[in-house]
Amino acid sequence: MLVDGDHPIHWVDPLRLPLADIGDFSIALGDIAASFTEIERQAAAVKHLVALGGDHSITLPLLRALAKRCGPVALIHFDAHVDTWRENFGQTFAHGSVFYHAIADGLVDPHRMIQIGVRSPVEREIYNWTIAQGVTMITAHDVHERGVAQAAETIRQVAGAGPVYLSFDIDVLDPAFAPGTGTPEVGGLASWQAQAIIRRLRGLQFIGMDVVEVCPAYDVAEITALAGATMAWEYLCLLAAARD
Amino acid sequence: MLVDGDHPIHWVDPLRLPLADIGDFSIALGDIAASFTEIERQAAAVKHLVALGGDHSITLPLLRALAKRCGPVALIHFDAHVDTWRENFGQTFAHGSVFYHAIADGLVDPHRMIQIGVRSPVEREIYNWTIAQGVTMITAHDVHERGVAQAAETIRQVAGAGPVYLSFDIDVLDPAFAPGTGTPEVGGLASWQAQAIIRRLRGLQFIGMDVVEVCPAYDVAEITALAGATMAWEYLCLLAAARD
Amino acid sequence: MLVDGDHPIHWVDPLRLPLADIGDFSIALGDIAASFTEIERQAAAVKHLVALGGDHSITLPLLRALAKRCGPVALIHFDAHVDTWRENFGQTFAHGSVFYHAIADGLVDPHRMIQIGVRSPVEREIYNWTIAQGVTMITAHDVHERGVAQAAETIRQVAGAGPVYLSFDIDVLDPAFAPGTGTPEVGGLASWQAQAIIRRLRGLQFIGMDVVEVCPAYDVAEITALAGATMAWEYLCLLAAARD
Amino acid sequence: MLVDGDHPIHWVDPLRLPLADIGDFSIALGDIAASFTEIERQAAAVKHLVALGGDHSITLPLLRALAKRCGPVALIHFDAHVDTWRENFGQTFAHGSVFYHAIADGLVDPHRMIQIGVRSPVEREIYNWTIAQGVTMITAHDVHERGVAQAAETIRQVAGAGPVYLSFDIDVLDPAFAPGTGTPEVGGLASWQAQAIIRRLRGLQFIGMDVVEVCPAYDVAEITALAGATMAWEYLCLLAAARD
Amino acid sequence: MLVDGDHPIHWVDPLRLPLADIGDFSIALGDIAASFTEIERQAAAVKHLVALGGDHSITLPLLRALAKRCGPVALIHFDAHVDTWRENFGQTFAHGSVFYHAIADGLVDPHRMIQIGVRSPVEREIYNWTIAQGVTMITAHDVHERGVAQAAETIRQVAGAGPVYLSFDIDVLDPAFAPGTGTPEVGGLASWQAQAIIRRLRGLQFIGMDVVEVCPAYDVAEITALAGATMAWEYLCLLAAARD
Amino acid sequence: MLVDGDHPIHWVDPLRLPLADIGDFSIALGDIAASFTEIERQAAAVKHLVALGGDHSITLPLLRALAKRCGPVALIHFDAHVDTWRENFGQTFAHGSVFYHAIADGLVDPHRMIQIGVRSPVEREIYNWTIAQGVTMITAHDVHERGVAQAAETIRQVAGAGPVYLSFDIDVLDPAFAPGTGTPEVGGLASWQAQAIIRRLRGLQFIGMDVVEVCPAYDVAEITALAGATMAWEYLCLLAAARD
């Protein structure tokens, strides 16, 4: 056995030392329940939430925090996927089941919920359940063929008056515009289309937003990170316009 | 001379050993004629051909196999290039001369052949020869400026009734959507445009398809591979719809 | 101290040796004034200028050379940024202040100057100054929503008769189409849009062009370099058409 | 609701059609038990196994197939990680627990098992359990500082006579040499070191090998794929040498 | 002029709104003096500094904060460059002049300062000045040809007793191991060499460290970020060992 | 047929126009004989040749130019491949046959020719022919296991007195250090090893060098280009040292 004192394997223990000035990380890696509790706790303390993900599962604790404050919210959901599966390959809480739980737990009002950019294949029963709840869906091909103005008008009608949350899954963009994500789907929106839709949402009563599923390890020249940051900037400009 | 027994150069011979459980590769690398014969033989044995390239030269033996079964076929050809050069820099059979031979050998019916997405510069004589055979051409700029519906309608008219083959050169897509290819051309289709055109081809009598010119060494986050796979998926959905 | 004769640090001196057959580089790295003088001197000797940048600051000495020959020129300026800042983070001459100087020094006629593709945030005063000089601006969103034909028509009206210079900053393209650049901005043009606009500029009296801000270190599979080269090719085709 | 007949969402159903010439895929995505059964079944039919992964979890069914034929085998295990965790974030069978099960189920003889290149941090109890089973460990730093000849000699001693399996996790290489993998660890082997060790293993009684954890979506210019293929080639050359 | 109310250019102003829950950014972009003051202020409040860059210029305010607390410190400086230029292309405070100022201002004790990995060409006068101050230099080629143990021993002798600061410029690594940096130099250290040297520095009286010059826009599969994070981890393990 | 005047296909003709200030390109793409003649003509006019490739086939006309001036030269050849095949997949003159012709035509003296870094598999007959001519070979594994000093000493002995040409195929470096090349081979040199060998060649009578096979389309963050440029810089430093 060749291991010796000069170059041992590092134990995982060191990071558990009370290095008070670095931080105390008491949630075990992979403990989703505890992570959700902590995310909800921190989100509850923020006056106006702008969350930069993480995968889409974080939206569930964020919505829990907001629903406690405002009741069920309207949801504008940009995504390539419906994310209303009951589970993800055996995991109850995960990035594909986030809106099943959000609807089932009454965090969002499905009649004021709209999904934009959906294009991944989906089982008929999942699709049917989602539509049956009252959710509206605009596929990516709808945006391409009918235009951003009509998409924005439909969104405004569905969201209506009352608190609105914007959840922006970066995979709503085509992989050309956002290669840095975990479950890319061909045929998505161009960045300008997403911007043009968001800019037309002026006047809605936004109470928070997130940008999720940006995965730098797959990115190129940071263009996905830049696209995500730009969507948050567009949102901030909506807020700024609302204060004028 | 420093070479010794511990770390010799490997001879090419080992792979020639009769490693029966690994396979026997008897075609010499670069032997195009033998490769074509083998590709045609294997294609002839497939009930419904979905071929994933390879460079575009493989389409010639695939069409040979199909023409023996069906006679001259209609061809829907997505590509940035006309691929009707008589030769490629001195090579008779190569990715740029595939459809010169397919037309000259009567494998396709040029009056039922249409090229979509062409945009590379081309010599006048090559263009004139192609058009004179009866081939229809829709440039990439035609698709951008006149839309996918008109492109699809023209394709349907040209292909008409009878067996149709779909050859999808990934470089029909813009390099933003498909960087992983050998002869990219700026100004190409977005992935959604190719999808939207294919989806409108329901009801044609498809007998096979290929996706060619995907070159992973140039790819980024596998987005080109994903685009190619998605086009094959769209084709499978056409087949599935035809069985319903 | 471990440095020894076998592997010293290399001194910068060697490249200063009079290696006559390699070239004599007498301008110190970072000496902008001397660089501009040399660029202007070389540009003045070219009959029809097609310059491949370099960052956008090189356009200033190029315009100096041309204005001495033709007087103030019309400018068709593709860019994500206005580039009319008075300075860049303390530097007087830099890629963001090039057209402030070009206007202030009378090298271009601002009433015959048009910017296409602008979308980066900008201070109100910079925007107001630019417009007040008479410059016309077509944002990237204008191109997306109103189309390339209208953009080209406006460009033709603004440029009018007389000598026209085309300055193409590659960041006018969306980062999906041109990741290889230093200050990318989301929401930009597709390559085909830029091509379609340039192709409609036939008949203008072009006297030169540049493609700038291509930065290979950020590029992917050379797609940005290819986009830049294609824009120069489109320009050459305009020249060729003018001679027919 | 904008969805219409021209561009519906695709259902997942089409791939379930009996497209007999394409194949029948009856194992549900994510069904690990069924996947393992199928992998073991296919591996059992191969005369001399050279498996190209997949993640490291596939080695478990491969070893099951081999152990049924040969009894507990010696294992030469190149990896950045010990992979003897009892579970992975709640999953019993996964890429980090493969050798816990292989040892616990008696598929490998831990006294004839050696791990080369280990360097990820690890909990003391996992390390202690692994060593207590009789496993030998050569860290990456051992290889760097003591050399490839000593590493190879130790491997030969541990593996001894009798059937030997080689499992090559590509993350044993440094991320510079193998960026295309899911759990990279800095400080790993250079490709030449892995080759130089394998070349010195001539004469061992090899019964199979795998190369796992190559993830093309993270790769660059296919260099990771090339490294993995080269390791399989080195193994084939060992087999060829054994037949001479 | 095509700009209209639907898609105006965004003004830079919105981020200047008092969005109290997002933060107040009162330092103008490019105001180096104010940035240094703020960095020093924040660093002074940290008990044990582990700073993740930014470019190398930030080390100057970090050292100012530490020198006020401890007096002139020993410096272990991993870098491809000497960084003792008096200025960078006209800028007084920048990533290439940081240690000129640190020495000139008495923040570090040059007789207890050592540079490891230097290999970029340098003017003789800059080299001579640096050596004349008492700085020790180990080139990258020294590490490659004499080994990590000798390098570490020299570092320990130079640093001696008393407070030691570790500044790790990621470009000390070869571009193969750290492509994501702004001024890469061929011929650098392998990651394992840097790790092996750091691991041998146990027992020195470390008071802080930084990892600088990681530039994600040039990175690939996050391998540079991972290398930087691993160096910080190695440092934390030194601290943990010191507490045992 | 949809083609119209607004967006025709561009003909290849425009570049054939006499655009005198851009240049006249009279050699047809793919005309190897004419290209070789032109390359030799230009090389003959250079006082001290430092050629930046291109693929390795260009070394043949470069050596023709030099051999006319100096007679058969010594050759120091860094490469992963022997490049002494009689042909490349049917092409007589190509990057794999360059040194077969150089030896056969008496341009190099094979007894003063040495290949460093060879590691690709090779047919026995090609290897035997090369050695039989008198060529010396140092494999990449020789360099790794015996060190750079011994390699350099052997090179000096083989090259001896008289004119020496240095041909540096970038694929001598491992793909980790030089991903941007067309035929990468795993197990190659680190950049520092190549540098350390070149630095030890001081005093040889160099008459020219080339760096070939750098292919930017496969490169990452320009690290391959940087490696190639650094090797040319090392060569220039040898020349500068010779003048001191």
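Things to note:
Letters A, B, C, D, E and F mark the chains in the order given here, with residues in each chain numbered from 1 onward.
The rule is short, and it goes like this: a residue touches a chain if its C-beta (ideal position, glycine included) is under 8 Å from a C-beta of that chain, and two chains touch if they have at least 3 such contacts.
Nothing here was measured: the structure is a model prediction, and the numbers come from that model.
Note on connectivity: the fewest steps through touching chains from chain A to chain D is 1. The chains in contact with chain A and with chain E alike are C, D.
The angle of the rotation carrying chain B onto chain D, fitted on C-alpha atoms and rounded to the nearest 5, is 180°. Looking at C-F alongside B-F, one finds more C-beta pairs in contact between the chains of B-F. Per-chain Cα centroids separate chain C from chain D by 51 Å. Averaged Cα coordinates give chain A a centre that lies 38 Å from the centre of chain B. Under the contact definition stated at the top, the residues of chain C that touch 2 or more other chains are 6-7, 10, 13, 121, 141, 145, 174, 176, 190, 196, 217-218, 220-221, 233. By the document's touch criterion, interfaces exist between A-B, A-C, A-D, A-E, B-C, B-D, B-F, C-E, C-F, D-E, D-F, E-F.
Within the complex formed with chain C, the chain A residues making contact are 148, 174, 176-177, 190-193, 195-196, 220-221, 223, 226-227, 230, 233.
Partner chain B is touched in their complex by these residues of chain F: 1-3, 6-13, 29-30, 89-90, 118-119, 121-124, 127, 131, 136-139, 141-142, 145-146, 150-151, 154, 217-218. Within the complex formed with chain F, the residues of chain E that make contact are 121, 140-141, 144-145, 174-176, 179-180, 184-188, 190, 218-220.
Residues 6-7, 10, 13-15, 17, 19-22, 46-48, 50, 196, 199-200, 216-218, 221-222, 225, 233, 236-237, 239-241, 243 of chain A are the ones that touch chain E when the two sit in their complex.
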